[in-house]
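Structures are listed in the sections that come next.
Note that chain A is present in both complexes that follow, paired respectively with chain B and with chain C.
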Partner chain A sequence: MLVALFVVAGIVSPIFYRPQNIFNVLQQASALGVVSVGQTLVILSGGIDLSIASIMATSCVFAAALMAGKNSMVIPITLFCLAIGALAGFLNGIITTRRNAPPFIVTLGTALIFQGIRFVYTKGAPFGSIPSWLRFLGRGGIGFVPASVIIFLFLALVMEAILQRSAYGRKIYAVGDNKVAALYSGINVPNIILSVYALSGIFAAFGGLVLAGYLGFGDNWAGKGYELDAIAAVVVGGTSLAGGEGGMGGTVVGVLLITILSNIVLLAGLPYQFQQIVKGLVVAAAVIFYSFVKVSGERR
Partner chain B sequence: MVTLIQRILRGNPTLFFVYVILFVFFVFAASTAPQFRTVYNISNLLRQAVAFGIVGIGQTIVILSGGIDLSVGSLISLAACLTSGIMIGNPTLVFPIVFLVLGIGVLVGLTNGTLVAYLRVPPFIATLAMSAILQGSVLLYTKKPVGGVTRGFMFFANGQLGAIPFAFVFWVILLSFFLFLLRRTGLGLHVYAIGGNQEIARLSGIRVSVAKVAVYVISGFMAALTGLFLASRLGIGDPLMGQGFELESITAVLIGGTSLAGGKGGIEGTIAGVLIIALINNILNLLGVSGFWQWIIKGIVVIVVVAAYKVKE
Partner chain C sequence: MKQEEALRMVNISKYFPGVKALDRVTFTVNQGEVHALVGENGAGKSTLMKILAGALQPDEGEIYLEGEKVFIPTPQSAWERGISIIYQELNLLPDLNVVQNIFLGREHRGRLRVLSYSTMIREAESLLARVGVGIAPQTMVRNLSVAQQQQVEIAKALSLNAKILVMDEPTASLSETEVEKLFGIIRDLKSKGVTIVYISHRLEEVFRIADRVTVLKDGKCIGTYSIGELDRDKLVKLMVGRSFSETFPEKAKETGPMVVEVRNLSVPRILKNVNFSVRAGEIVGFFGLVGSGRTDLAKALFGFYPHYSGEIVVKGKTVKLHSPQRAIAEGVGFAPEDRKSEGLCLGLSVKDNCVMAVLDEMRSTFFLNRRRETGLVQKFVADLRIKTPHFYQRVQNLSGGNQQKVVLAKWLATRPDFLIFDEPTRGIDVGAKQEIYHLMRQLASQGKAILMISSELPEVIGMSDRIYVMHDGAIVREFGWGERVDEERIMYFAAGLHVER
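Here is the complex of A and B:
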């Protein structure tokens, strides 16, 4: 399917194959990729995280304001931003597990809180700038390969290894597949779920930093709509929304698919609002497609 | 009097509690902000409550059935923009546009319902995807406030019947209709049964899929009606007008004691929830709290409310 899309992209616009455009597409894919890695973990555990876009923007705004263009501040502030992400994820996880609340509404609430926090902090007008080290993370590249893509693929690979090879990874699948069964097998279900949301928060904050490096300034709405894009990427990649099925490999393909699709919309000369419509359709179509594949598989 | 309170407490303690909270908020508002006590402010507050109230009715019914509708915000924006964008002050177009907009609401609800009931898409994903599609469409249509409504159409939201806002009377009529629908008709009973336990409902011979589609159609209709209301209230439709309505309508429903798991609660509670949300908004505005802080406060309210009603496994 990815190949088919590559061909279609070329037909819609020959510009697509230019090295510069491929480079751009990969760059744009990586911020989405990083947050989709976190979203995959959450969805595998049977949850959903709608707060990632807000965490991304918050991390982006704080990075610009606190780094203020100084390379010496990159490492401490990066840690600070990741801590904010972890905090948001921890809040999501604690309310979801301790109070058994539906994650989509909890994470929507968290999104609103962090939206408020960054606007209160910047009074609506983000300030500061992104130092050159972080700029390299978002814009730089080694030859034809953007630095951010290497990081995205590395993170996906590490998380895939953890998912498939470690006890922790297997527990995430077990929780997503059947909570009660997991509980009876002696798995600490609330802690697994909590850790998954915390990780998603950290990945979202890191994705915000990648985006900050790409943009070069703090943007109050950086990453807007990425919660839906990430869900789209994960679902298109074959991870089941019910949890317990799927993996990072599918998500990587899904991320590239969604990004190329957005690119095609622009190259075809359609207004960018079309992207939103296309993504909505893709999410619905993917969920319907996989639910039918699953049902016919069960009947056989 | 004491026995009456005892009976209410035993019958539905959550509902009683919610109305006590509403009363406390009201007294707090009336005693701290002198501007609150003006007739102008109270009728303004009621109008604001009606906007949440209409969409809240639809959201209550969806949640009672065990679903959720996250597409109402974008649908409200779309409805409001189409209303003012096509009308452009032409009185002969009022009725056709009202039918068109409500028809679009029904169509959106029908699509949501089909996705959820027949194609087995989880409700929050189906309606989230729908929300993206609708928001994209309305931004394709217009990027800034568009057109204008007629003076006659503005009566819908801003007119007075003596001292009472017409919109409030309209809301009360809507409320009585849907209270009747939920408590006294087959569909209402089915909605509660499906929300309680879908499998048992199916085995009892209830046509679960049909009822689910009906529920999303009602929600779409009510969201479109809210869009008409907002266009009438402000005289113009804004493509971002409905932003936040999905979350605030869900919060109002939850404050009213309706369980997100479905099957428990009702419109009686949502009325109080809607009034509480409108009161909070009103007080925050009167106290001059900035919009940014209001986001934080509303987010905390959402989290506290979902955390307060613990769902049983």
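Here is the complex of A and C:
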């Protein structure tokens, strides 16, 4: 599938194969990739997180304002932003588990809260700047390979290992497949759910930093639309929205697929709005494809 | 009187990847008879009925309705031909009322295409009257009992002018009186010329209600018999190729030390002053009608009611069972009543389910030790004879008996001292039942204390060394070692008749 897309991309525009373009595509895929890793965890556990874009932007704005261009501040403020992300995710998890509220609404609501906090803090106009170290995270690279994509793939790999090989990962699958049975097996279901939202918040905050490094300034709307793109990437990657089924490998493919498609649309000279149509079509195609896979799987 | 043929399915075959679910099955049903379809789980009963209902297409074979060859490509076309199926899991929408459910998708409309409620209510009333039940047509289905919901489904089938009504395990979750009522309805429908195909595991019901019986085994049709030709032993033999007398394993000869002692266990509004004990090596049966608190008792022992009062002593030590995690740590295992929704993660593999309760023990450093995991699963798959093509098979693809064994494996992996089985053989075929019984007895003789909850009296009597009868959240009678018990005596206490005296 991905290979076919590469071929099509080359036909649409030979520019696609230029190292600079490949570099750009991978760079753009990274921020989405990082937050999609978090989203995958949440969706595997049977939930959904619509607040990640808002957490990203909040993290981006705080980074610019507090780092104020000073490299010495990069590490402490990065940790601060991740802590904010964790706290935001923790809030999502607490409301979801304690009140047994639908995560769709909970995270939609908290997204607004984080957005409001961001706007109050910046009074609508973000300030500060991004120091060069963080710029390297967003823009720099080793040869043809952007630094950010290395980090994205590393995170995906680590999380995949945790999902498949650790007790914690298996519990996420169990909770996603059947919460009641997980509870009856002595798994602390609320804690697992809480933890995936906290992780998703951390990944979102980190994605916001990657994006900040890429953009070079604090943007109140950094990462706008990433929550849905991340869900799309996860679904295209074969993870079931019902939970309990899927993995990081698919998500990596899904992220690349969606980014490359957007790139092709741009290279073909079509206006930006076409990206949305194409993304929509890909998600629809993926859902239809998996529904067939599922039916043939069940007919056993 | 020569009876007309209502349905003839000829040489039906159906292949699933790797399995031949049906192998040239021929199934003939006469007009106006009650025809029982029996066989072990996985024998092909549901596949055959799904083909009749248009939910599956046969790979080979033909279907004739009243002598006429038909194709049934969709469930809609089955309804149009007068075939209705009432599945074990009832298919009503809980938040709509009875009328809305009966006429779902086929609402009567008056002028301007507006729904004409009054007509529908009138018709629903007459349908319910035909079924012979007094359910108010505007009741929310959520508020109906399972039996009543089933009656609504029957009414719905009648509104579709069902000529053939298939009932899949209709009595699985009904009480004794509700079963009587259902039989009354079935006899009534029969007298009105409706043909009924009755699928059940409960053979005594088959003998009471059926005119003829067709036995399926491993996807093949063993034969069709009129009920007079058969007795219980013979039917079981046809189904499993075993004789019925060896159903229950021998009881315990001696018991070990006290494992669990419960004193004055109370949960507000649920359990009242429950006292009992279970020793190593014995199987203690709990019987009670629906609502007697038997499952709540099990849940309390497994940490689901953290605010209980009273004392639970496990192996001489008073323990606080405030969560399932705590209960497992104290050596309690619990195979819940509903395998599919509570016992298993159906979408996950045999292996994942087997190790689910011991994931934290399977670690070496941070990651799971694969060799230890596989070793464990291998051991249980072999010990319990779980039939699965490989460890990575999703448990939803296993038969009920094998699923139950996976639940058992999950608990044995925790090396429990005390095992609670809630309805261990519900929805399991005769052959697998026996295996489960023997496994339970084997576990007891290995020194485990076993508490078994069951609503099947023969099972309680056949399996238990001692029996406690529950009624209204309390234990009302204990039948001790060697004490004479029979079904009537147990039922007498379970029904609360001793109080009214």
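Keep in mind that, in the parts below, the second predicted complex is superposed on the first by the 299 of 300 C-alpha atoms of A that agree within 3 Å, B and C clash if a C-alpha of one lies under 4 Å from a C-alpha of the other, contacts with A are read in each partner's own complex, and residues count from 1 in each chain.
Basically, a contact is a pair of C-beta atoms (placed from the backbone, for glycine too) under 8 Å apart; a residue touches a chain by one contact, two chains touch by 3 or more.
Because the structure is predicted, anything quoted here is derived from the model rather than measured.
Steric overlap between chain B and chain C is present once the structures are superposed on chain A.
In the superposed model, A:A161 makes contact with chain C only, not with chain B.
The partner of chain A that touches more of its residues, comparing chain B with chain C, is B. Touch criterion met: A:I187 reaches chain C, while chain B stays clear of it. Of the two partner chains placed by superposition, A:G140 touches none, neither chain B nor chain C. When the two structures are aligned on the shared chain, A:Q275 is found in touch with chain B, with no touch to chain C.
Of the two partner chains placed by superposition, A:G10 touches none, neither chain B nor chain C. Look at A:G249: by the touch rule set out above, it reaches neither chain B nor chain C. When the shared chain is aligned, no partner comes close enough to touch A:G216: not chain B, not chain C.
In the superposition on chain A, contact of A:V283 is made with chain B only, not with chain C.
Judged by the touch definition given at the top, the superposed model places A:G116 against chain B, while chain C stays out of reach. Shared interface residues of chain A (contacting chain B in one complex, chain C in the other): 180.
Note for the complex: chain A touches chain C at residues 161, 165-167, 170-171, 173-174, 177-178, 180-188, 244-245, 299-300.
Touching chain B in their complex are the following residues of chain A: 48, 91, 95, 98-102, 104-106, 108-117, 119-120, 123-124, 180, 225, 228, 231, 235, 241-242, 271, 273-277, 279-281, 283-284, 287-288, 291.
Remark: chain C residues 16-19, 302, 323-325, 327-328, 334, 336, 341-348, 352, 355-357, 359-360, 362-363, 366-368, 370, 397, 410, 414 touch chain A in the complex.
Across the interface of their complex, chain A is touched by residues 68, 70, 115, 119-122, 124-126, 128-133, 135-137, 139-140, 247, 250, 254, 260, 290-300, 302-303, 306-308, 310-313 of chain B.
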